[in-house]
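Worksheet: the structure to be examined is printed underneath.
Chain nomenclature is as follows: A, B, C and D, assigned in order of appearance, with residue numbering initiated at 1 for each chain independently.
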Amino acid sequence: MLEKRDYVDKIIKKAIKQTEKYKDIGELASYIPELANVNPDSFAFCLVTVDGEVFSYGESEKIFSIQSISKILSLIMALHDNDPISVFDKVGSEPTSYEFNSLVPITDKATNPFINAGAMTTASMVKGANVDEKFERILAYYKKLSSFEDAYLIKDIYESEMETTDRNRAIAYYLKSKDIFSDNPNDVLDLYIRNCSIATNVCALAKTGAVLANKGYKPKTKEKLLSKKEVQIIVSQMATCGMYENSGRYLMEVGIPSKSGVSGGILGVVPGVCGLGVYCPRIDKSGNSVRGIELFKILAKDLGFTIFIN
Amino acid sequence: MLEKRDYVDKIIKKAIKQTEKYKDIGELASYIPELANVNPDSFAFCLVTVDGEVFSYGESEKIFSIQSISKILSLIMALHDNDPISVFDKVGSEPTSYEFNSLVPITDKATNPFINAGAMTTASMVKGANVDEKFERILAYYKKLSSFEDAYLIKDIYESEMETTDRNRAIAYYLKSKDIFSDNPNDVLDLYIRNCSIATNVCALAKTGAVLANKGYKPKTKEKLLSKKEVQIIVSQMATCGMYENSGRYLMEVGIPSKSGVSGGILGVVPGVCGLGVYCPRIDKSGNSVRGIELFKILAKDLGFTIFIN
Amino acid sequence: MLEKRDYVDKIIKKAIKQTEKYKDIGELASYIPELANVNPDSFAFCLVTVDGEVFSYGESEKIFSIQSISKILSLIMALHDNDPISVFDKVGSEPTSYEFNSLVPITDKATNPFINAGAMTTASMVKGANVDEKFERILAYYKKLSSFEDAYLIKDIYESEMETTDRNRAIAYYLKSKDIFSDNPNDVLDLYIRNCSIATNVCALAKTGAVLANKGYKPKTKEKLLSKKEVQIIVSQMATCGMYENSGRYLMEVGIPSKSGVSGGILGVVPGVCGLGVYCPRIDKSGNSVRGIELFKILAKDLGFTIFIN
Amino acid sequence: MLEKRDYVDKIIKKAIKQTEKYKDIGELASYIPELANVNPDSFAFCLVTVDGEVFSYGESEKIFSIQSISKILSLIMALHDNDPISVFDKVGSEPTSYEFNSLVPITDKATNPFINAGAMTTASMVKGANVDEKFERILAYYKKLSSFEDAYLIKDIYESEMETTDRNRAIAYYLKSKDIFSDNPNDVLDLYIRNCSIATNVCALAKTGAVLANKGYKPKTKEKLLSKKEVQIIVSQMATCGMYENSGRYLMEVGIPSKSGVSGGILGVVPGVCGLGVYCPRIDKSGNSVRGIELFKILAKDLGFTIFIN
């Protein structure tokens, strides 16, 4: 599909240009000072094909915290360490119209792994002797998945999120009171916040997406990082639940299974074709990068990326 | 992808055999006597490729009422007769965890076009001087889309649904009270029930699916029946909302955008590949054909039909 | 408690004067033209003691439609025609935070008899061969209860409510679909709207209240119109559910079991002491007369009418 | 109303006898071991008139933890330390159909002061340099209000509740995240659990009720402990929200403003007449003493205690 490098490059450049008009729309996430403390005009995009070809634009090396995109990681690790049935015994797989940090869609369990409560649930299923060990496993896995060997915990983000995370602590205790896990809720929350604080850049996101697009195999090295079943679970949940309470509309308008984070990143997967990463920190009310969505929308159309028109 | 006819035929036959163990599981829909009045062991399956090749099995000519699969039709007609923006102004595009005939997920408008309230909303947007004319247009369109020229209104189904449809009449009046439409609610309901009562068979479903899989063009004749944008809207909504409150789990486990009806039919779309139709009247609690789902699950795996692993 | 006529009269006159500042606050109910078609400055008040002494002020003969205050009547008639257990089998007895015409608080049944769904439920339990006969029984009973022999159906109100009552018709069909009653929903709705359209004035309301305040006996004639048990049920439900979603706050601030209607009337009961009726058509967002509430608040304090300080 | 001591005594004894058949119905609260660790057959009742006359029966000296009846105390202290408007700015005044430890009825704020979230809110408004000082003030006030100078913190109850209170800790963090208070949520929870762990007996409850029944004045000494306004607020909230999600039905069937606790105590207020305390540890699903309710129901009828029939 990506026939010629020049052709693709031209399309992408045009699309980036077309989205310039959105660059002042949306607000920086402000619930922790560190997130508001970025250049609102930053922009970066990266596309990595299943053959490992890389197309990158803008500040593609720029580090930002992964935030909710890490919900993919804790789901993967939960699936690695447990069978899918026991994972989905503790967390649902249906979208919700409630916002990501709501407690309402937790009845017996969190509705899906991509709301905060669901990601705490999957975090609680990651094996390890303690929080440090669990996080090390997750981080090590992300380095491999993203080919971003320099991934690390952003200490400032982690610390300031830990200080201002009353709602998330409420969720952790609520899950504990529902017997979703037996660990100390503070430890589960700690791991969850560490996951959110992982340093990434758009190429690391796109390379992660490329593994998911490539049936679980790392482009070029062909290393198998995920089973087909895991790919199926993760990408389908991205399709139905990845963009918070706008997932249905996003899939209708864009058609690329994606997962966003409030720091302004979006990771997209075009099965059989490529992974995508975008970064632009101005977000809409649902927490999704405004310009990022517009860029994916244009690329989906101009490069035929939608999974529904093949 | 469907390399050789014999190979595909063998896979399908094996899959059908494997699902025989599910044939006694589930219950006939019983809310109208006519729906319970069928042979519970009936089974039929049809696959139609984007090239127009047909694979059919079991009672493939057997007539049954289309029920909720008609929600696709009224969405298509609403999109034909209005622009997408004004359609989704009146109906949402997000899944709901509530059952299909619930009134709870109607706040300002129905959450999506594939719950009853949403399908009444799209029905109300179909142009025509009166109910008869509107229905004639929908039926004529279905004949073309499905290549099933003998499609008709099943009078017994229609009449007995009209008699026992208190909940749906409540929904119609509720939508009216929310100013979703200005028509007489009884007329909107009448059209909705007529849509549900259209006679179909599995090959008509599979041929409809093949048009959706083929970017909106009818296989062989290449007649354009739907715009790419309409295909994108319909198939993505099938992916996120097509299987009632189990849509997320179904997409995770099967991975084929589908729409089911309580009569036991399911229509599936594999973009770029084929359309699928299955009929087996025993349904689960959510209203989906038990054996139908199992068959699609096996075919998705064995024929590589999931949209997430390409 | 009402020691001297002059003293009471002076207190009431002062209270009425004190509430003059509220006379421009609030809006006329506008959902049917007839309700908006009144003099917004009308004011009337009446107090009737358990001994039958009458204190009346303002336009005390002025006719207005009883609206939701009729919910008391259909509850009484349902209790007359059935035992309390079977009544509360079909309707709950708990307040709701949802607005009076919401469908949300109907799960198995309406949450209480004083929301629309609850009043339709009690209406459906009134005995009679047809709607005419049922309504005649209710009207006849109201004439006796209120000593207002001239009570009648206000045809204009009835007709225009019947025309614009989509939400209520939705509720009627919804209740039917939940098997709350077996009657035709249109008949139940018809009876419900007729009840709302009964002509009353403040003295009729106050006299009704006086019967409830007097253990069910009509002042002076001592005729027994209600059992103690019925009085207990009705007055306690007025206390917890009588003022729509503000019932808790109203009871806290005023302390008089009351039932309001959107036409601007409020009926109050001070057990052992008196009944109250007020009319002032400007209502707040919940549907309660603004000036009426303020007047009751002052009287409760100055005449010691709150049931919680005795 | 309580004409003759002998007459009243006879009525009460008969009522107690009549409720013996309920003594095996219901279950001990089991969420902390200490609550399940009591004699399920314990029974005690006390009535204290507004003149200070005491009628006591059964194990009237028996100590039990006050549990949710302490929600009255924290509401009183919040009202003492702040004006009512600022209190009800932070907590609602409407009943809820959700259970007492649900997080659902907390939208902007807790729906009422008598669910856990509401009582944490009022606890957070009590003045004091730290948790110790705040609790000392509350305990000192309870000693005065109840004339139970020996009231103390039951350490075993307090400690085991603190260990098993995940849901309540979730609520505390949730309220904090909604900016309901600025204190450390762990401190607010600590104070809340201490309040629940206060030692009481039925006579202490009845004497507290007698103050509320006596316009805020202590019987005999005439010491003013509460303003009329405070009495009005507390007793009306007991009427509408005091018996968890059964408050409406309880008021209808019993008619005495009451507040219950899961340890099996109920405090009742008959304005102008008396206070009541009962203890019987078997509770129903809502958390209310089964035999206690039955006893109040009979006394309300036989001694004319209902506030709605005067």
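The definition used in the following text is that a contact is a pair of C-beta atoms (placed from the backbone, for glycine too) under 8 Å apart; a residue touches a chain by one contact, two chains touch by 3 or more.
None of the values given here were measured: they were computed from a predicted structure.
Asker: To reach subunit D from subunit B by way of touching chains, what is the minimum number of steps?
Answerer: Step count on the best path from subunit B to subunit D: 2.
Asker: Trace the shortest chain of touching neighbours from subunit A to subunit C and give its length in steps.
Answerer: Minimum number of steps from subunit A to subunit C: 2.
Asker: Of the chain pairs B-C and C-D, which one is connected by the greater count of C-beta contacts?
Answerer: C-D
Asker: By mean C-alpha coordinates, which chain is most distant from subunit D?
Answerer: Of all chains, B has its centre farthest from that of subunit D.
Asker: Just give me the whole-number Å value for how far the CA centre of subunit C lies from that of subunit D.
Answerer: A distance of 32 Å separates the two centres.
Asker: I'd like the Å distance between the centres of subunit B and subunit C, where a centre is the mean of that chain's Cα atoms.
Answerer: About 48 Å, centre to centre.
Asker: Scan subunit D for residues touching two or more other chains and write them down.
Answerer: As it turns out, subunit D has no residue touching two or more other chains.
Asker: Report the complete set of touching chain pairs.
Answerer: Pairwise, the chains that meet the contact rule are A-B, A-D, B-C, C-D.
Asker: In the complex formed with subunit D, which residues of subunit A make contact?
Answerer: Those in contact with subunit D are residues 103-104, 166-167, 169-174, 176-177, 185.
Asker: Residue numbers of subunit C touching subunit D in their complex, please.
Answerer: The touching residues are 88, 92-97, 105, 111-112, 213, 215, 228, 231-233, 235-237, 239-241, 245-249, 251-252, 255, 257, 269, 271-273, 306-310.
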